[in-house]
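Right after this note come the structures.
Across the two complexes that follow, subunit A remains constant while its partner is subunit B and subsequently subunit C.
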Partner chain A sequence: MGSRSPLPILQGLLCEVEGGRLRVTGTDNEVTVRTYLEVEALEDGVTVIPAKLAADAVRKLPSGAVSVTAADGEVEITGNGPRFRLRELSVADYPKIDDSLPADTIDVVGETLVKALSQVGIAASTDDARPTLTGVLFEENEGGLRLVATDSYRLAVRDVLGIGATGSKLVPYRALRELGRTVGDGPMKVALGDREAAFLTDQGRLTVRIIDATFPKYRQLLPDSYPNRLEVSKQHLLEAVARAALVAEDHIPVRLNLHEGGVELSVIRQEVGEETEHIEGTYEGEEMTIAFNTRYLTEGVGAIDSDTVVLQTIDALKPGLLHGVGDEDFRYLLMPVRL
Partner chain B sequence: MRIVVADCTVNYAGRLSAHLPRATRLILIKADGSLLIHAEAGAYKPLNWMNAPNHLVEEEGRWFITNGKGEELTIDLHEIHMDTAVELGEDPGLQKDGVELELQRLLSEQPEVIEEGLALIRREYPTPIGPVDLLCRDASGTTVAIEVKRRGEIDGVEQLTRYLEFLNRDERLAPVRGIFVAQTVKPQARVLATDRGIDWAEVDYELLRGADTDILRLF
Partner chain C sequence: MKPFDGVVGHSGVIEFLTREIATPAQSYLFAGPSNVGKSTIARRFAAALLCGDDGECFRRVTSGIHPDLILIEPEGRASITVDQARRVVSQSTRSPLESDRKVFLFEEGGMMNDEAANALLKTLEEPTRAAVFIIVTETEDDLPDTVASRCRTVAIGRVPEQEVSDGLAALGIETDQAAEAARIAGGRPGLALALATEPQVADYRRHWLSIPMRLGEHPGDAFRLADETIAAADPLLEALKQRQKEERDVLGEDASKALRDRQARELKRATDALYVTGLEILASFYRDVAAAQLGAPIRNTDVPVAALSSVTPRRAVAAADRTLSAIGDLAANQRPKLAFANLFSDLAGHG
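On to the complex of A and B.
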């Protein structure tokens, strides 16, 4: 629904009933979501209802069946007593949505894609001033699909094996975030066209305009090897960073002193106080201290799908690499903060 | 700077002929020899002028100014109201807006932000109509003139167009292409730049400055 659009009609949802199936369409001209629902229909018809009000109204109705009737420029929504009568928006004004699908589609397990997107999506920027960084790069990599996102402070890379992809396309994460919630995570067809990307399941379809920009050359940021390597429990690291974050807030980095036997986390905020703790782990390399933004570190560690995480470093000013032990399908490159 | 206010008649012969009938006017003779004749109105533009180098011969009630191009200016001075000279001293030049100057400095240190492979030749590269902000060489070896503005508007594109015209006359540099760089480039300026074959780029001032802070970035 078009909260970002100046066109009033895009504040509406196009509802079409045909043969016992309701098709609901919302668009802001960049992202279009179309979902299907089996309904008990007395009569086929089309209406455009004010999206936010209708959704809030339905949500506030007592539980049970909801009945929607459109007639004479009004939409009546009732359920177990309460009755809303909302002004209908003009069906004729609603933009025509092109339902065709590009010829080249790839079949994916929706659940795998949705999860992979949520892993890399944490690194996508929300700053519209730099649109390139608000997207997730879909690109072909060694016969599989690679997803990449970066906000320039961190970079997340997820290789998804078994999904064939060709070329590379930049898809706004703002739309991808809604994928599981809207079209579900069942068997999915993905079409990456020159102008649009489409994600199709039997529950619906999400179409989004491709970002026409060049993604940063990220491969050169991922070195082949790192001299220092820490292995530590994901749970322990997350809990420790959460405690450090209590003192740090967002703008003070947490220091990680990497040494034989594990890592010492410390955070010092002059006017407030400090916190330190040691986490046992294995460390190979030179003793060193590196500092990270607590939120970025937490999000990266949290996205790793493994009980033990690996932090690899070069020095205090070069990006550190996080991934699961024995699993580099998901990699999270994090820029340190200068101490 | 010699400042003369006088009732005068002016005749110019050169590329064309021009005649200014008798009236009271301001005549400026700058230290470099250039001479300008101003009227009460007409904003900053002189009615007539003769650039340096030129040759001024002063006779009683009449000045002759000639130059190597065969141009001749004759000023008949009927009555002189004022004739004075003031030593203005050296001028520090036009101070650019602080952010713009800083932007130029930051970009000169990291021209690759504007375009990959760009290398600085020098800042404030002189042209006969003023210095161009950055002169660079691109990855293919072509010379690139870059005009840096805080806000990218049409007049900035015009300015760069003029620089390019002069720079392209220099065989050692030509061909010279242009890039118009600003924090934000207005849509009209984009269209004009594209129409003139000039590239444009937007740069993030905060991001450029970021290199100096504790917040490190991947790229």
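On to the complex of A and C.
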């Protein structure tokens, strides 16, 4: 339902009852969510109810069955005594939403996809001026599904194995965040069409209009091998960066001096102070120093699903690569800050 | 269903746009004076682009509630901001919901600030598969050259009085009243339509034509006359105000600030157009004075002959010039009462 939408009709929910099943549709013009509910229907019919008020009203009713009746431009909601009569919105004004599906669908487990999306989603941009970067790329990779997002400072890649995907489609991440809360559980079908991406479970369907633009060529950013490799505890690294961030705030980078035996973190802020600490780890390669934005580093490390994380580097100016030890299904490429 | 049925005048523009429907350009600039029908034509064009023959779809586009028609309106009375422009850039990359296209319509495109215009430049010229932009403005000069040069310009001018009058008659308005409204409206069908149901239309014109005879000796007279002039316009705006009230009533408490702001701007445009049209009537009177004394044909045939020799041709021409210059004063946001009082005082020879 579109709370910010300029179209008043989108503040309504389209409710359709047919053969004992209620279908509820809400859209903000970009994302459409359609859910199903078995109901005891006395009569088939269609209405558009004011979403927020109706939802709040139902929530505040005493527990028990709720009955909804639409007639003469009013929707009556009753349950165990209280009676709401709300003004109906115009069914004719409601957008006509196509229910058909593209032929190719992918079968996934809802929880797996939701989790994978939340991993790459941290790298998606929220800046509307660069719409291409606000999406998550869904594409085929070696017989599996690959999800990619970047805001040009970092790039997150998640390979979901065992899922056959075809083609490549750019889906707005903002819409995908709703996936878990709406229809996310259980077996899910994903349909990637030319105009929209649809996610279906037996609870309903979320449809989002895809971004019609070309995603940056990201593969060239991922080199085959790195000369330097640090392995360190995820927990220790996160805690250390959090301490450094107290001094750094968002705009001062944290320096990582990589050397045999681990990494030394340091942050120095003019006129304020500094923080330094050492974390044990294993390091192979030349001693070097590289600096990262603390928030981007924290988000990347936090998204890794492993107790030990790996940081691979080339030099102080080329992007560093983060991933879990023995697990490169999720990779997070982070641009360093020039010192 | 013909998309432009019922539009008064503009046959050339309609012919052109009808040809454009099959293969539209990425961006259009609709330029022309206020109240001539730019928005009406723009919405009809948008509907034709989005709906094909679907009448129900057509209705939703022209009433501004179709999900693939994105209306960009100034926030408050101020301007179209860079944040709004960025949202447009983002939305333009999304595929349409119902239709095969999306139309972005800036009905008051002249209110775009430079920053917003700059944010749009790239989007206006780089074709996206499905987006069409229509920017409506009073003159191209209201927008940076960089915007205008990226758009196909469609000039939507004033409509000949006879066409306006015939058009109103075709909409079922009584012939005399239609002619009277057309005469006042100065080639603006939108204004003519708003006025056509107002019985005081003829009075308004008579008021302006009576001004030269009533210019007084005392400076205070100019102010009294200015007050009367503003009061004379009020009854003509009743129909518009009534329609706006109905619009708000339909939405009840949902009548948003955006709607109120839009109505306020709409009312101001109509009021300004009425004042401009009044000044044009007054100027045409002075033109007639000069014309009559030099033996040329006159336009306001219902003015008493005696009035036509009230000043010398030279002074009449100067008075017409001075009258038209007040249009510029209004455009520069001078308060109407002050602009009129100033004008009447000058015309009476106090200036």
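The working rule: the second predicted complex is superposed on the first by the 282 of 339 C-alpha atoms of A that agree within 3 Å, B and C clash if a C-alpha of one lies under 4 Å from a C-alpha of the other, contacts with A are read in each partner's own complex, and residues count from 1 in each chain.
Going forward, a contact is a pair of C-beta atoms (placed from the backbone, for glycine too) under 8 Å apart; a residue touches a chain by one contact, two chains touch by 3 or more.
Remember, it's a predicted structure, so these values are computed and weren't measured experimentally.
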| item | value |
| --- | --- |
| Joint occupancy of subunit A by subunit B and subunit C, clash or fit | clash |
| First, second, both or neither for A:Met335, with subunit B first and subunit C second | first |
| Touched partner set for A:Leu317, first subunit B, second subunit C, both or neither | first |
| First, second, both or neither for A:Arg87, with subunit B first and subunit C second | second |
| Touched partner set for A:Ile304, first subunit B, second subunit C, both or neither | neither |
| Partner with the higher number of touched subunit A residues, subunit C or subunit B | C |
| Partner chain in contact with A:Pro216 - subunit B first, subunit C second, else both or neither | first |
| Partner chain(s) touched by A:Arg154 [first = subunit B, second = subunit C, both, neither] | first |
| Among 8-16, 170-178 or 188-196 on subunit B, the segment whose C-alpha atoms clash with subunit C after superposition | 188-196 |
| Residues on subunit A lying within both footprints (that of subunit B and that of subunit C) | 129 |
| Touching residues (chain side subunit A, partner subunit B) in the complex | 129-130, 150, 152-155, 216-218, 221, 317, 319, 333, 335-339 |
| Subunit C partner contacts - residues on subunit A that touch it in the complex | 6-11, 27, 29-30, 32, 87, 92-93, 95-98, 127-129, 131-132, 134, 172, 194-196, 209-213 |
| In the complex, subunit B residues that touch subunit A | 204, 207, 213-219 |
| Subunit A-facing residues of subunit C, complex | 56-57, 60, 65-67, 71, 73, 86-87, 89-98, 119, 128-130, 251-252, 254, 256, 258 |
